[in-house]
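Take a look at the structures listed below.
Next, two complexes with chain A in common: one pairs it with chain B, the other with chain C.
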Partner chain A sequence: MPEILASVLDGLLIGLVYGLAAIGLTLIFGVMDVVNLAHGAIIALGMFAVYLLFGAGLHPYLGLFVVALLGLAFGVVVYLIAVRPILNAPPLMTLLSTFSVSMIIIGVGTAVWSTSPYNVNFPVTTLKILGYTVTSARLVAALAAVLVTGFLYYFLYRTTLGKAVRAVANNREAAELMGIPSQQILAISFGIGTALAMLSGALIATLFPFTILSGGVYELKSFVASVLGGLGNPTGALLGGVILGLIEGSVAPFIKISWTNVIEFAIFVLILLTFPTGLFGGRR
Partner chain B sequence: MKRLWVLLALLGALALAQGHTVTIGFTVSKTGKYNVESVNQLHGIELWQKWVNDQGGIPIGGQRYKVALKYYDDESKAERVQQLYSRLISQDKVDFLISPYSSGLTAKAAIISEQYGKIMVATGAASDSIFKLGYEHVYQIYTPASRYLTGTLDMLRAADANLKKIAIVYEDSKFAKAVATAAKAYAEKKGFEVVLFEGYPKSTTDFGPIINKIRAAGAEALVGGGHYADGATFARQLYEQKVPLKLIALLVAPASDEFAQLGDAALGVVAPSQWEPLVKYQQTCGPSPAQFTQMYKDAYGKLPAYRAAGGFAAGLVLQRAMMDAGSTDPAKVKAALDAMDITLFFGHIKFATDPANHGLQLGHEMVQIQWQKQGGRLAKQIVWPLGAKTADLVYPIR
Partner chain C sequence: MKLLARPFFWLIVAATLVYAALPFWGQNVTLRETLVLSAIYVILATNLNLMIGYTGYVNFGSIVFFGLGGYLTLWLVADHRWGLYPAVLVAGAVTSLLAFLLGIGVLRLRGAYFALATIGINEAVKDFVANFDPWGGAEGIFLPFTAFKAMGGPGKALWTVYLLIVLVMGLSLLVAYLVKRSKFGLGLFAIREDEDAAVVLGVRAPLYKTLAYSLSAFLPAVAGGLYFFKNGSVVPDEAFNLHLSIEAIVMVMLGGQGTVTGAAVGAALYERLRGLLLTIQGLSNFHLVIAGALLLLIILFAPGGLMGWLYRVWPRLRRVLE
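The block that comes next holds the complex of A and B.
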């Protein structure tokens, strides 16, 4: 029994971080109908950002603030160069365009850092919760994911800019008629989505080693979490991530570890068959 | 005057050409995924060639034979290996063969060498399966995978006669799985109870679920691992989660110098290694471990990795077989290899001669290294076998 509890707790904590990554993906989709295939590469970029900042002497948790700002700026740039010009073209074009961005990031990253694993080596303490050992890094990562999500909600529902983002997501023409500068809002939304992806990457980097290719795994998990929660629904994405983590955690004690993915995706398919628009419904 | 020089040069070249030469052929992965390891192995072979030629060549039947090497880049690809080994034998007419690096490529080269009846000394290949196919001309230098962790278990038993519960956790790769399966059978024979026997996917970065299982099973010691990245991560997370294990032995990763970057997480971790520069074998032929290490350092400016040592040892084994045979005649050299029982700087070398395992390495043993603190700094020490050790095993580690 304690083993299952330990495993479920592990799953819950890591699930919150998956959820944060998924929010980044689902936000961009919800606001501008773009499936961002550079999501994984951007997550990896977040990992390296915190690694480099740590190398420069900044504690990884302080580094998170810088990573968020960098992510925002980088997202706006990517939007202006690779997304905006083809926003009204068929969906395949934005898929190809963001995929190209992914290839560029991974290509440059491989040239600079190779595909060897890197670690953010900072002292980690352990805590006893319910008689089970948890590393402080896992707790902080989960807590940070919850805080960032809370902050995002505050932004979306309590600030003028956030309300404008929701308005544009709802109906771009109508928002423009109300005087909302939709292009700027879209750029900011893409920036926020990118910042969230980079933040989740940075948090993952405090837990596990990573390479420039590591984003792929988390991109896949983000897609699954987003679809589970209903595409375009940030709360759903967070909960989708938590569900994903819980599935991983609760099946692990009973089966061989190599089978975790099989079970995870089998449950995913089952949920989709039962709830085609995700557990919490898609929302624009 | 100019013509005289040309004539002299020609005569000189002719005289050299008439001297005896034995040509060794092989392929090197100068490109592709085995690039680093394979070039390392090449350095060992080249150093052997230089060492033996500097002494005037190999004394065979009262004459000196210079060593010539003939090799091609196999691009780390199996199909290239087959083409190139055929070429080495039929076009280049080499006398003997050394294998490429890695078990996969060696398995391909072995098919060709066996087809043509050419002797091939296999280094950089720890697979057992190549030697279960009834081949008669392939000889293995490395300790085979089936014995990779047996030394570790012997050492553990010697350190703690009462220890019962061990966990064997391995990467889901062909090599690690073969090693783990053999280790499980051996552990049970040695009276251990294997409380957890489980693989993890190659790309694993989160060992949380595995660590939970190790705890739940109440394992007292852990053996397993796979390659560098997973092994280093596994060791780190075992340390972070404060898993109370008396011994941790992992394949590959701790044997690498980079493992020291883990800091305290590396402390006490054990790894089997084919060879280490510090070993203290009493060789019966060839250079001593210290002499080889010095030669290598002089030539390449760094300490030799075991792959380079394996390359040198492969040359040395061929050399010794020719000397024992007193001939370069393949049948006589084969008989000498079958009868060989020597200790090199690389360790004990003896081949299986029964038809079911012919050529399998029986003599060579893995050395066990352990990361220990020396004057506040992490350093690798050899703790097993006792004949090669540089320090006592630290046990229990936590």
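The block that comes next holds the complex of A and C.
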């Protein structure tokens, strides 16, 4: 029994990080109806960003702040090149253009780092909580995910810029009539979504070894988590991530680890078919 | 429609014959292997075009049909001692039926939701097969050598399978052409333009798009069966390679979605381009980057693809090419 509880606890902690990645995806969809297929590649970029910063002597947790800023800037650039010109085209176009960004990132990444595994090797201690052993890295990653989410909510609901983001998400034309510069807001939103993806990648890099292709797994998990919570709903995405983590944690002691993916994708397709707007009701 | 009086029909026949005849010139095995890949790409792109170009539903996981066809065929041939011909036909029919049943569900979704669901289906099937012991799990299925013996030894079998793949390519083009010229095809195009309006005007949208989805599964599944039979083995990562699925979308976009010629020419061009990029020294590492940049450029500046451009420059082509 204690092993199961420990596994569930592990799942909960990693689930919060999945949730953070999913929020990045869902935020972009919520604001501009774009499914960002470069999400996984951007997560992988986050992993390598923290790796490079660590190599330059920066502690991974301090590196997170730099990664967030890099993500914001990178997201704005991607938005301006690949999303803005075709924002009003059919959904296929933005799916393909973000996918082409993903191909470019993965291609450059493979040329630079090949596909061999890397890891961020920094001292990690183990802690005992209520008799269960967890590593400090996992605890900090989960905590960071919660803090970033809290910060995002503060931004969206308490600041003028955040309110503008929500206004544009609700109704772009009406927001423009109220004098909100929607293009800048969209660029910033894409930047924030990208920053969240890179942050989650950076956090994952402190836990597991990774390759340039690792982002794909977390991209798919982000899809599942955000669809579970209803695409466009950040709280739902976080909860979706936690649900995923809990499923992984609670089935891990009983079946081969490779079956968890089958379960997750089966749930994903079933949820799409039965509750396309997510478990927690409507969009946004 | 008098098929035999249509120049485009004869164009399809000619293209198929050229593919079939070229490698026999001096028994050129290298050329044959290149053309196999080219023909497979044409099959995948042409059938995917039924969904993307005709119906307007972006199927991101179309490769799942190809993979399932491969797995079913090799399972029937290797474990149940079936001949290749009944095996590929049954594999195609079963895959098509599965697609029909699945389509009833997933085609209720639209736009991005549908696209995501198709990715989910492909990944779910891949992970399931990778864990499914009767199909060899992650190691896949290997053909026993005797399977080739029934077809007159491996050398002869490979040539036969090549011709069959080319035949499937020809059939794919023909089906795409016939659908486009039919009332069924007109219904699909109406769904693409505005599904709600099409329903109001009496198009049975749920039935039509499910049939299109199911139809787009049949020939790729047969092709998958032939392709993996030729390879002698099938593994999950190769059979359900999401990347190839998305490359198929690139081919359709490159040539021009919604046109038979466009999808086919886009596929053949993409195969050549990919081959070139992989062989040029110093560029091989960057072939993904170049393909990605190319895709981005098409989307941003030429969303109609090659055919869109040709039609603009030379409008008369519309009368001949479909």
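Definition applied: the second predicted complex is superposed on the first by the 270 of 284 C-alpha atoms of A that agree within 3 Å, B and C clash if a C-alpha of one lies under 4 Å from a C-alpha of the other, contacts with A are read in each partner's own complex, and residues count from 1 in each chain.
As a convention for this text, contacts are C-beta pairs under 8 Å (C-beta built on N, C-alpha and C of every residue); 3 or more make two chains touch, one makes a residue touch a chain.
Computed from a predicted model, the values in this text were never measured in an experiment.
J.: Record, for the superposition on chain A, whether partners chain B and chain C clash or fit.
T.: fit
J.: Thinking of the overlay built on chain A, is A:Glu3 touched by chain B (first), by chain C (second), by both, or by neither?
T.: In the superposition, A:Glu3 contacts chain B only.
J.: Contact-wise, after the overlay, does A:Ala22 reach chain B, chain C, both or neither (first, second, both, neither)?
T.: neither
J.: So in the superposed three-chain picture, is A:Ile86 touching just chain B, just chain C, both, or none of them (first/second/both/neither)?
T.: second
J.: Name the contact category of A:Leu238: first (chain B only), second (chain C only), both, or neither.
T.: After superposition on chain A, A:Leu238 lies in contact with neither partner.
J.: In the superposed arrangement, which partner chain does A:Leu220 touch: chain B (first), chain C (second), both, or neither?
T.: A:Leu220 contacts chain C only, not chain B.
J.: Per the contact definition in the header, classify A:Leu207: touching chain B only (first), chain C only (second), both, or neither.
T.: A:Leu207: touches chain B, not chain C.
J.: Contact-wise, after the overlay, does A:Ser258 reach chain B, chain C, both or neither (first, second, both, neither)?
T.: Both chain B and chain C are touched by A:Ser258.
J.: Per the overlay, which chain contacts more chain A residues, chain B or chain C?
T.: C
J.: Examine A:Thr135 and indicate which partner it touches, taking first as chain B and second as chain C; both and neither are also allowed.
T.: first
J.: After overlaying the two complexes, what is the shortest C-alpha distance between chain B and chain C, in Å?
T.: 6
J.: From the superposed pair, tell me which chain A residues show up as contacts to chain B and also as contacts to chain C.
T.: 256, 258, 261
J.: Quick check on the complex: what are the chain A residues that touch chain C?
T.: 29, 33, 35, 81-82, 85-86, 89-93, 95-97, 99-104, 106-108, 110-111, 220, 223-224, 227, 231, 256, 258-259, 261-262, 265-266, 268-269, 272-273, 276
J.: Spell out the residues on chain B that touch chain A in their complex, using ranges where they run on.
T.: That would be residues 172, 198-201, 203-206, 208-210, 212-213, 215-216, 229, 232-233, 236, 240-242, 261, 263 of chain B.
J.: Where on chain C is chain A touching in the complex?
T.: For this pair, the touching residues of chain C are 52, 56, 58, 60, 105-106, 108-109, 111-113, 115-117, 119-121, 123-124, 127-128, 130-131, 138, 246, 249-250, 253, 285-293, 295-296, 299-300, 303.
J.: Quick check: in the complex, which residue numbers of chain A touch chain B?
T.: Checking each residue of chain A against chain B gives 2-3, 6-7, 10, 14, 116-117, 119, 121, 124, 126, 133, 135, 137, 207-210, 214, 217, 248-249, 252-253, 256-258, 260-261.
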